[in-house]
Amino acid sequence: MREGILLFPRPARRSPPALRLRVVGMGALALLIFQAACKREERGFRVQPPSASAAEGSRMTDFQPGPRTPESPVKNEYEDNAYALSEGKRLFQEYNCSGCHFNGGGGIGPALMDDEWLYGDKPENIFETIVEGRPNGMPSFRGKVPDYQVWQLVAYVRSLSGQVGSNAAPGRSDHMQTSSPEQSRPRESPKLSGKPR
Amino acid sequence: MINERSKPGKAHIETATLDVERDRAELERSWETRPGFIGWLTTTNHKSIAIRYIVTAFIFFLFGGILAALMRIQLARPRSEFLGPDAYDQVFTVHGSTMMFLFAVPIMTALGLYFVPLMVGTRNVAFPKLNAFGYYVYLTGGILLYLGLLSNTGPDTGWFSYVPLSGPDFAPGKRVDIWAQMITFTEIAALVAAVEIIVTAFKMRAPGMSLNRIPLFVWAMVVTAFMIIFAMPAIMLASSMLATDRLTGVSTHFFNPAEGGDALLWQHLFWFFGHPEVYIIFIPGTGIVSTLIVTFARRIAFGYTALVLSLISTGFIGFGLWVHHMFATPLPQLGQSFFTGASIMIAIPSGVQIFCWIATLWLGKRLELKTPLLFVLGFVFTFVIGGLTGVMLGSAPLDLQVHDTFFVVAHLHYVLIGGAIFPLFGALYYWFPKWTGRLMNERLGKLNFWLMLIGFHLTFFPMHQLGIQGMPRRVYTYLPETGWGALNLLASIGAAVLTAGVIAFLINVFWSRRHGAPAGDNPWNSDTLEWATSSPPPSYNFLYIPTVRNRYPVWTVEPDTPVVAGLRTDVREALVTHTITAAPDHRYELPNSSIWPLVLAAATAVTFIGVIFTAWAIPIGAALTFIALVGWFWPNSEPAALEAERHRSLPTGDGLSLEQQT
Amino acid sequence: MQPSKSHIAKNIAVVLALFACASASCSRPIQSNAEVREVRLPSGLSGSNEPDDGQWLMPAKNYSSNRFSSLDQITVDNARDLKVAWTFSTGINRGHEAAPLVVNNTMYIVTPYPNILYALDLTKPGAPMKWKYEPKPSSAAQGVACCDVVNRGAAFYDGKIFYNTLDDHTVAVDAQSGKEVWNTQVGDINQGESMTMAPLVVKDKVLVGNSGGEFGVRGWLTALDASSGKIAWKAYSTGPDVDCLIGSNFKPFYEADQGKDLGVTTWPPDAWKIGGGGVWGWISYDPELNLIYYGTANPGPWNPDQRPGDNKWTCGIFARNPDNGEALWFYQWSPHDLHDYDGVNEQILIDLPIAGHTRKVLVRPERNGYVYVLDRTSGEVLSATPFAYITTSKGVDLKTGRLIYNPEKSASLGKVVREICPASPGAKDWQPSAFSPKTGLLYLPHNNLCQDAESVEANYIAGTPYVGMNVKMYAGPGGNRGVFSAWDPVAAKEVWSIKEDYPVWSGALVTTANVAFYGTMDGWFKAVNAVAGEPLWQFKCGSGIIGQPITYRGPDGKQYVAILSGVGGWSGAIVAGNLDPRDGGGALGFNNAMSDLPKNTVKGGMLYVFALP
Amino acid sequence: MSERSVLNCSELPEHAFDGRAPIWWGNLLLLAIESTMFGIVIACYFYFHQNFSYWPPPRNVPPTTYDTAPDLLAPTSNVILLLLSCVPMYLLDRAARAGKIKAVRIAIVVSIIFGAAAVALRCFEFRDIHFKWDANAYGSIVWAVLSLHFAHLITGTLETAVLGAYVFVRGLDAKHRVDLTVTAVYWYWIVGVWIPLYAILYWGPRLG
Amino acid sequence: MKRHKETQSRYRVTGCCCAALMFFQDLSGAHSSVEPATPQAGRIANLWWVMFYVSVAVLALVTAALIYAVFRRRSAREQTAPVDLSPNTNRERKATRAAAVALAVTIAILFVLLGLSFTTGRAVSFLSNESPLEIKAVGHRWWWEFQYVDPVPSRGFITANELRLPQGRQIVLTLTSNDVIHSFWAPNLMGKKDLIPGQESRLIFRPEKQGVFRGQCAEFCGFQHAQMGFLVLVESDGDFSDWYNHESQQAVQPSNDSEKRGRQVFLSSTCVMCHTIGGTPANSNIGPPLTHLASRTSIAAATLTNSRENLAKWVTDSQKIKPGNRMPPNVLGPENLDDLLNYLTSLK
């Protein structure tokens, strides 16, 4: 071939673009995302239950004699963790919680998806309810379920009434749908209620 | 060749005086990208965008490679505790997804976006703003995936993400959502690129480049683009269905068998895309191989028509064998037989291509074993092995044994690394001077080739046997008693060699960019039109659009070969030609640089990333998208002035005078 | 209505049916067959325990369980004048399924958990409380009551009132003083056992059985000595022959029921130990043949995959000698039960002309949707005719006696089976029907329910439910959930029927004056013409009705009709248990069908007594 | 300055309609992608059909009904409306080719009105399917088909509206004349693709 | 785990000098698809070898042609001639003919392979008339449940992770899953088949060789997919029926105080929530049944040898051995653990 015929133009040099701005911006964004994501996505297999022990500080009523004493609520970290919540959901089925409470609507046991809580809605109350049992038919699972699994169940039970963030709460299950998925449940405002059943 | 002459008022051949310096200056001015960061964000130059694609995709290739290395370290010995199952699952999923969605398809379409306009002899792709949009969307998808991986939200259900494992019940959190949205992003980008490639190749060819003169690489890209158009919607729909199944407040039941959905539907949709995907990756590779073989054999392609027809038939048959990924599911025997037949028969067009290539090499001149050609030869050898194991996998009963084992891992890497990466590396060596004006270092190149070839076979050949010996895929570890340790160690050593090869390539790139031998404009003495301009090409590609008389325009160029004149140089104008004959049809003004592609991509990102967390992202994102689209379509210039300007017949004070007609 | 390919025709039919049912009360006789046939009660069955027809000594009125009264003051003509005579609040908010008893001008009411027994003095105006007896059952027992903490009534015998408490005690209370005579624990709540059934006293033996088919219990029927409360015999529903009191006299009619230790071999290993087959329904007694008849409940778990085999002796009927409990014959309504079709419904003992001969038969409207007519001497099935819309089976093979299942409706792990009709509560659950010898018709309160069900793996953890099935019930074709119909057992066909919006979960009562009574779950107590099926009168009670109506002659000689209102039970658990209607799977899937019930009724137990002015 | 043989294209027109224009091809490929999407969702629709004995399945929350085929009034009116909307679109197409700005303005206003009416009617169609998207697979897939087409209806209408605004503000130029004809093609496709979908979604369950 | 039976490696044709053979000659082992123990797997292995040799031959030919094409000597005239746009030389025609022949041969080979594939496919899915042994396999995350269905239901039983089969009898495996998709694959016996939740699939084969074979889940199913293994023990009829009869019995009663205490530990701790021991109130089936645990050769889905030490490790901290599996770590005092292990190891 003969060069020059097609009249090669000279290339124009372009200056390389500034990348740094993008990198820094991305980094900052990433840090923000990590904060939220790490909590939600952790798959803890050999996990320690939440720091506080439930036995202390569990109180079932707001009403107390004398001046108010401050409460130190138990923070159940599993409530932010999607894996723990899904494990809780699985255990809720496998340990027969669903046998009485079904998918939160109740049947043999009371409904768990509504705003009425006979024995308290706080994580430590629910923990106690599971471990100690309650007189109106709730069996005690003491010694039968490891603590961390109880906490997973506690987190899941609270998700039934929309108490946990919808980004961590379980989605619809691959079963016949009988109620809306936990993640879509409206957040109820729990009321302590000794309403007789 | 140019048969428009008879039509008065149309394009015609004449002798004219060209004011080259003036045209060049004006073209520079009207096609130049604005300098600085804004210019970088607003450019619509297909070459800048394609180079970004290539660099980004290659970075993702390196990321994917690092993940692969992590897996090979983990699997080097039994019961290794280097990565736990959680990390390993994320690593292999992100590896597969990266290589498929963020590397292989984008880098191949990027080569198309770079070279199709150059090879068909035009100034830009048909829709430059759309092209820029495609890149930003792709980049967002890639960043999303890696932000996910780094924040422990890496998808962990495999690049195939079978439901129900990836469904809302068994994949808590946002890991799979990130995967699904990454799919949507990359598929939008791929579809955009496919539209660009087809329209550019169909409408913007240089005068005279009739369909039967299109370079084989362009043919390959056109077939690929058509496959993308019909395959990608399936996975986009499927991943969107998966996302809505998982989305808070939406919770559809597409894949919930209990409510009438179907888990196998996912597999059908996925593989209806997934199998053509393999050909989407591999067919551009064949285009590269054809181009390189013709160049190095310095003779015309043996069986041009056969090669084109086999590309097209591969494209068609590629859609007829997705079920061979599902032979182990409970499917009717009859269906299996059909898909076995199709799976085995697709070897025929591949065979035709191999024979044509060998014949071209055989009949051509003495071959200089330069690095690009070495990669092509490595490709042929490797790909034949991959093709043969492909025939085995297509056989339903044998597939029952080897399906989902390391045999398949070996097969797919033979096909994809052998069939796409080797040609790709060849292409990078071959086209490096086109991009930089410098040749890559030949010694490092040979080292690179041999390291990669040996490393590759060392890594993947033992996997055939591992599969036959019962090692399933996607295992994070295995027991010492299985006896798979030795071969796995061998594979891991091979992976190290392969990595060394890739490092040699990187060194070569960085070294050659500065110190490579100056290449001149056509270092390989190639025949396709991208070599008919300078290296690197100017922003407007060609000072004058060339005309074409045969399949080998550069080899056969004559002093009297006409060039196109009369296109405006003060605005970005290109020539549209007839779809089949490539006769000049009309002039076509291409848009200037624009920020709107970036804005639209941002709106898209808000929509698709937002929808991971809330369904409200759909209406909000739709509104943002609408605003961005209005901005996109609303022209900047005044219509009256525009019209007035348009009625001007020719540039004034021109170097081209109509009076000088012959 | 069969599902047909012609969807248009189907749709039109459904629309027409809906129009037909559009009125608010939704109670119109659909069909009327005025032909009335006299059927005589067998002589031996008029009830030796029934000195005076003005009294009501056992929930089923008499041993033949016909719930037929010869009182005739309230007639077809004057029923519209019925007025409330007096009422009594039980103070309990759960489902009231019991029938009041009337003996010696005293009315006895047993409430659901906590199972208080009230004695009301009918001789005084307003029937003041004479005494009350509180057994204080363990509150934990509420946790093993599958379907509300109901009680289905007490029985009077020999100056004592006998009934069961939820926590598995059978008590005898002195009818005069209200003092506890004896109290025997017969079961264990930690094994999931509870007791809800009404005892039957036969020949000095109090016959009681357990509930808990959803808790992996092992079902049994026990006879307690009426005077001491000592256990005379106990016959299990599963396990080896010796436990089931199956001996040499056991001669079942069909081959499938013959063999050794079928209660073991028709189960996977050990599964019979937690295999259900409770006895929580009705017992009848034929003094002439000296046989008691009772049904056994569903096998556990519901998920049939976990218990391959016929699962003897669940979902069947036993005929036993009341003296020693020895089984004489057995027939299985639903072998290898797939859908929780407990076989515990009432059996009405009558003599019917069949094919020209008068046969001693037992009529059983069964949960699986068929009215069975069995020869009660042998257990032979004389006929089995569907009285409801059935998709789960295709009939009963009269040669082998076997129910022919529809394989399309059988469950397998993880698969959802749709349009299972009748649903798990059956075409007719425990709610007892009445039989009028006068009209020869059976008055059937029943359901029109279908369900979708999905079997999942059930895990046995003692004391917790053992079900393995997700269920979602809904109305059957037509959209009405309940029906009250009259059935001719000789012709084996429906004579008339009344569609009700909710399942008719109350018992039925019929009198010689051809007035039939029943209640609805939204609280209407209704009287209808037993011949033509037209409504005569209705009264809206305070809460939905799931009790059993009775009629008696007061000390003033007037005829009274009494009914307990107080919604609950399985069907009404959504109200009684404050369940959340957003979970359709709640209450074993009944929530889905009853999600609108909380809008139409509230809980609260109240006795209503009606009389003519 | 050099003298040489050239192909002089300066007299070529600056725009062309139909298959000659790149934008027409771009649009055609977009429609190919979208048609593939519709093909796949409809394939899914029939795939799900196999999983049900009743189609559509009974509505199984009170009040239960077995007659759940979607209502016909709104969708049928909409189909008629959509078919009619092709007339102003066709006129718009012709006027744009002829460059008659007045005719274009009239036709485009009518087209926008038709488009907006179709969008509004479609909202009722969502109501008239007796299931929400999360009720079962039937609800999910029907909502998917409707939403996908709904998105195109909105896009088509908005696109016409934007072009309309342009034509009113800035008049008619060559590029936008081509754009108008391409929009017409898009609209014909929106209508055309809906006819089989309408038949399948609304008449299928009644005839099957 | 028991060392897998060393099977004699099959020595294949040595004529071929391809390096590939070095690998494929020695495909021995208890989980190899070319060491068939059933006629079905044998058919597939034969198909494999046919395809393998055809492939080796094709590869050799193509590579030879390629090498020749690259290194063919070119004449000087050939080397300097300009590019010919329409070459019509003799060599060109020959090349065309050669390519056509190669294509024809390719198509012929492919059709032969296709035919072989069809016949093999039909042969391996064929069910003969004799009464087969029916076994139901249920996939769980991450263990295998095997239900032996007996015509007498009470003689049927459920076992886990170890499939025992009688030699020479046709087996029909019905497969389903309890959660996600798994795939049953024992390569020596037959190809794999997916276990799809809510669906049933079937595998048919007849084990002809005694021995211990290994199988594994072949469809990715989550964390412990890698170690969701099982063993297949093909035994003589007599051994099999002995085992079968034993297996349908209840668990042995504890024979000493320690074992009795161990049972109490089992029944009063987390164990009872998930496992079954026949004859005790433990009757849950979330985890594998343990009725005859001590008679199994492996635990943890064919991952650990069934020894007391391994059992102790597994019971106390299974998450270290198989992270993500469903068995919770158990905190038991040393005495309780000892008693529990005594009891569990007594469950022959």
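We call the chains A, B, C, D and E, going by the order they appear; numbering starts again at 1 in every chain.
Note that in this section a contact is a pair of C-beta atoms (placed from the backbone, for glycine too) under 8 Å apart; a residue touches a chain by one contact, two chains touch by 3 or more.
Here the structure is a predicted model, which means the values were calculated and not measured.
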| item | value |
| --- | --- |
| For chain B and chain E, chains touching each | A, C |
| Chain pair with the higher count of C-beta pairs in contact (B-D, B-C) | B-D |
| Where chain C and chain E are represented by their mean Cα positions, the distance between them in whole Å | 53 |
| Chain A-chain E separation of Cα centroids, rounded to whole Å | 38 |
| Between chain A and chain C, centroid-to-centroid distance (C-alpha), Å | 44 |
| Interchain centroid distance [CA atoms averaged], chain A/chain B, Å | 42 |
| Shared-contact residues (touching 2 or more other chains) in chain E | 197-200, 223, 272-274, 286, 323-324 |
| Chain D: positions in contact with at least two other chains | 52, 57, 134-136 |
| Chain A, residues touching no fewer than two other chains | 43, 45, 94-95, 172, 174-177, 180 |
| Residues of chain B that touch chain A when the two form their complex | 18, 20, 24, 27-28, 32-33, 35-37, 39-40, 48, 86, 143, 147-148, 150-153, 164, 167-170, 172-175, 245-249, 251, 253, 255-259, 437, 521-522, 525, 532-540, 542-544, 546, 554-559, 561, 563, 613 |
| Chain E partner contacts - residues on chain B that touch it in the complex | 84-86, 89, 157-158, 162, 164-165, 170, 257-258, 263-264, 298-300, 302-303, 328-330, 333, 336-337, 340-341, 344-345, 347-348, 351-352, 354-356, 358-359, 361-363, 365-367, 369, 377, 380-381, 384-385, 388-389, 391-392, 394-405, 461-462, 464-465, 468-470, 472-479, 481-483, 527, 550-552, 555-556 |
| Complex contact set, residues of chain D against chain B | 1-16, 19-23, 25-26, 29-30, 32-34, 36-37, 40-41, 44, 47-48, 51-52, 57, 133-141, 143-144, 158, 162, 166, 170-171, 173-175 |
| Partner chain D, residues of chain C touching it in the complex | 3, 7-8, 10-11, 14-15, 18, 408, 418-419, 450, 452, 472, 474-477, 479, 481, 584, 592-596 |
| Chain B-touching residues of chain A, taken from the complex the two chains share | 1-3, 5-12, 14-15, 17-18, 21, 26, 29-30, 33-34, 37-38, 40-43, 45, 82-83, 85-86, 166-177, 180-181, 183-184 |
